[in-house]
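We just call them A, B and C in the order they show up, numbering each chain from 1.
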Amino acid sequence: MAAKDVKDMGLDKKMNGPANAAIKGERTVAPEDWRAMGLTDEEYDMICHRIGKHPNFLEVAMFSVMWSEHCSYKNSRKVLKLLPTKGECVLQGPGENAGIVDVGDGLAVAFKMESHNHPSAVEPYQGAATGSGGIIRDIFTMGARPIAILDPLFFGPTDDARNRHIIDGVVAGIAGYGNAVGIPTVGGMSWFGKCYSVNPLVNVMCVGYLKHDEIRRGKATGAGNKVMLIGSTTGRDGIHGATFASADLTEEAQERKSAVQVGDPFREKLLLEACLELVAKDLVLGIQDLGAAGLTCATSEMASRGGSGMRVELDLVPKRETGMNPYEIMLSESQERMLMVPVPGKEGEVTDILRKWDLDAAVIGEVTDCGTLTITMHGDVLAEVPADQLAESAPAYDREYVKPAYIDELGSFDPDTLPAPKDGELAGIIEKMAASANLCSKHWIYSQYDHQVGSGTVIKPGGDAAVVRIPGTNKGIALTTDVNPRYCYLYPREGAKLAVAEAARKVALTGAKPLAVTNCQNHGNPMKPEVYWSFRESVLGLAEGCEVFGTPVTGGNVSFYNEDGETAIYPTPTIGMVGSLDDVEKAVPSGFKRSGSSIVLIGETKDELGGSEYLSIMHGIEAGRPPRFDAAAEKALISFLTEAADEGFMLSAHDCAEGGLAIALLEDALGNGIGAEVDLSDANTHGLAFWKMLFSESTARAIIEVEPVKAAALQALARKNGVKAFYIGRTGGDKLTVRMAGKSLELDVKKVGGSYEKALESALAGR
Amino acid sequence: MKSYLAKVVVTLKPSILDPQGVAVRTGLLSMGYSDVDSVRLGKFIEVRLKADDEAAARAMVDEISKKLLANLVMERYEFTVAEEVAK
Amino acid sequence: MKIGIVVFPGSNCDRDIERAAEVVGSESGFIWHKDKDVRGYDAIVLPGGFAHGDYLRCGAIARFSPVMDAVSEFAEGGGPVLGICNGFQTLLESGLLPGATLRNTGLRFICRPQKLRIDNVNTPFTHLYKKGEVLDFPIAHAEGNYYADPDTIKLLEDEGRIVFRYAEPDGSLTEASNPNGSMHNIAGITNKTGNVVGLMPHPERVVESILGGTDGLRVFKSVMSWCGKGGVR
């Protein structure tokens, strides 16, 4: 679904078009029709100028879908251009089906994240399933074999039955699709907040691997070359809501059409194997997935990218329903289809391979050199427009933005105005926090995903980043998705930077080198200046964060209108990061591995309770200033972690973030049921109270488990990299004991572990 | 040859616990339908076929139900067959 | 020694079996489901996945794939055949093994490590294990709830044909250790002659310590040594 991607293709020079070009013909489409399709009167005029004639009904329809927010990014494109997209490792940046980065030895990794928010709100199972299907296709379209899925999910609270229904359906949908296709779902995140009752967010990231010479792109080149449609047949599913008003739809079609698409993971698996076989046998010149805007998008984008034109005969499109009209065929969003330009003369071989996999294949047209996309049926020319105008010339708007009033108001909240917890209450508070929606174990979710199929999952879900081995090699890739929506709500730019920092840290904790980023920008209505401000700030923060870590953005998508008219979701710029490990055997897990190890806290703990889980859980307050993003400290930590992993110093390593040190230490203990005795006195460099040491969410911190004999070398390495390292205790026993300056608390690992593990399941059962 | 429409219903044998049915019943009870005694889920399959007469059609549907549509280890099936007259 | 891995449309653990074979040093090859011949292979594995989408019933359509006649013939001739997860379901549907699998009692797909007790070490795939040993194989299925009529269960018990059972770490059989509601905690069984074995858990996922364990290695080593010695232990 490349149309949804971040685009950077010299748009500006095309923006204005031939200003005074003569407009041929008469207007044949009524204003109410183009308005019903979502085009403004100005946009209609723009189209006339761009193509030098009055478009007919089908042409207006094609422009309306290509110029929709979903495909054209007309409200976000100018801001997205601020993202860094170039880097040494980037083999393919934004503008294609997926980004690709080099991981050495002629190997590369293709990856991308996309949202499927609105469909999942309407039909949770199919919405999430087809979201998975779309992003998986984006990966194998590039020639890559998908080897991992991650799914960041954002839901309303579990005390509402509708939210529970959505959670249940979304998780089952992702499982149902990914498990059947046989791609392990190795990670993701889930975050719960009231704002997502309005509109849940379902973001899905897929990752694949390939050799450099296997990269295929969505380009149609070579006049006379055939264009083939492969995979499923074309039906009336998913034809967009804007078209309901259209008089052109037959009554029968109205009745049979479904706005919800149904995913077919079995067909996707066959299509995946068939496409990779086509690539392996070198039969593909160019290929693109059919997603949003179906054939309209795939034909115009492939032609435009190749600097070509295309002639398509709709009679040749394999259909699953009778009596489909051109409008329906061009706009159908039937799933599991691909448009392909085969190597000339190999059409027969291509068809044979697709037949072997029980899939349809049909030549539906050919590439031309005139730059025009021509659609015919029964010999009549139905549409004739310049492909690049359709694919690339959508207007890009500057939207008004203004800082929302709440930002300064909530940002000035001082957590010290609240009563401090008593020392005797701390153990109970930690237990309560460990069983809260955002901090509890997500086992209920990831145990429904096959996270091991493919025999490559080295670090499984439940820790920090996942690590997957690239088949047939000893290389690994580390994968994570991150964002703290509360930080982004309180301080969007800092929140986005912190999301990049958290992702980079988690990747580095496994021993991997952070490489590149994909993202989903989930926001409310962009016409609201406050929402647009948050969106813009999120992108700026993402850009700054990515510059700091040298991790370019290779793609992603934007999802606006996540609101009910009044309440919008929190600005949610979800980050997906990929890192590489040259020796996957050296991958470092989280969770204490054995008794008797030394525990070292890396990084300083400051008075940073703003926007914390502690405030939210214990006081129901979402306010204050989120922790500060400290670029120098984060960078130093990452270079330290990479070296420490390479030296084999780390038995385990764990991020210290939401919920603070208390939760990080507890999670480490729960990993393998090994307790610890910890004293934070030496680490308290800012003179904090005990509870603040426990719950502060200062970033650039990590907990490292090291063999006692290697502790000194680890400390030396920390000094060399300019990071603070504090020896804080030893692993062992079945209790987690934490002391500081004469105060102490004790937790029974097994007991707390029980409620940590069961919390989500119990909440979803309505208990 | 005439056209027939067979409607095949496949259900778990009565002796076998149907966890989906139990879950649906639990849901109904919690919605207040306290008179619901039991729920069983099954599969409904429509087969369009051509045959010389209804007896032949029935024989074919019986055969494919046994061979593929139902697994007699755990399921049972029943069906109806009706001639379809072209519109 | 060459292991034949049957690939149905929708199989997705085929490459994992290939990797397991590589780890134990066995040759392997893929057999497309439309092939009618399994000659040249010493053992056949039906891998996990969703053959034909599992849309009607797990394994129901796969059993009618052309290759299954050859697999049956191979099994009747005493050749070692292993069905894992969806492969096990296909063996059940085809009648090479008795019984059927129902939806998990919890209704959800479950992917997690699972303790198993091994009760039959006389098969080509288990002879390197010790009877009563407790192993850790992952499970990953939504329909693994083993069912057979009481007479069949009695026969399986009497003839010692239950190969793997879901168990506690100490080997005891409890309801809590049964992840899916299977009768008699059955995770895997064998046929009368002991050469066809099927199980829901995935031994091929625990053949390398980097992937979380090596308990499954001996499944593949067993069949290698079995075949290497001409079909005897």
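One rule holds in what follows: a contact is a pair of C-beta atoms (placed from the backbone, for glycine too) under 8 Å apart; a residue touches a chain by one contact, two chains touch by 3 or more.
If you're wondering where the values come from, they're calculated on a predicted model, not measured in any experiment.
Visitor: Is the way these chains touch best called a line, a ring, a star, complete, or other?
Guide: line
Visitor: Looking at chain pairs B-C and A-C, which one is connected by more C-beta pairs in contact?
Guide: A-C
Visitor: Distance between chain A and chain B based on Cα centroids, please, to the nearest Å.
Guide: 42
Visitor: Could you tell me the distance, in whole angstrom, between the mean C-alpha positions of chain B and chain C?
Guide: 30
Visitor: CA centre of chain A versus CA centre of chain C: separation in Å?
Guide: 36
Visitor: Mark out which residues of chain C touch at least two other chains, giving numbers and ranges.
Guide: none
Visitor: Spell out the residues on chain C that touch chain B in their complex, using ranges where they run on.
Guide: Of all residues in chain C, those touching chain B are 56-57, 60-61, 64, 92-93, 98-100, 102-107, 145, 147-149, 181.
Visitor: Which stretch or stretches of chain A touch chain C in the complex?
Guide: For chain A paired with chain C, touching residues are 172, 175-176, 179-182, 264-267, 269-270, 357-358, 446-458, 460, 469, 471, 584-585, 587.
Visitor: Using the touch definition from the top, list the residues of chain B that touch chain C in their complex.
Guide: 12, 16-17, 19-20, 23, 43, 68-69, 71, 73-74
Visitor: Residues of chain C touching chain A in their complex?
Guide: Against chain A, the touching part of chain C is residues 9-10, 12-13, 15-16, 19-20, 48-50, 52-55, 108-112, 138, 140, 202, 204-205, 207-208, 210-212.
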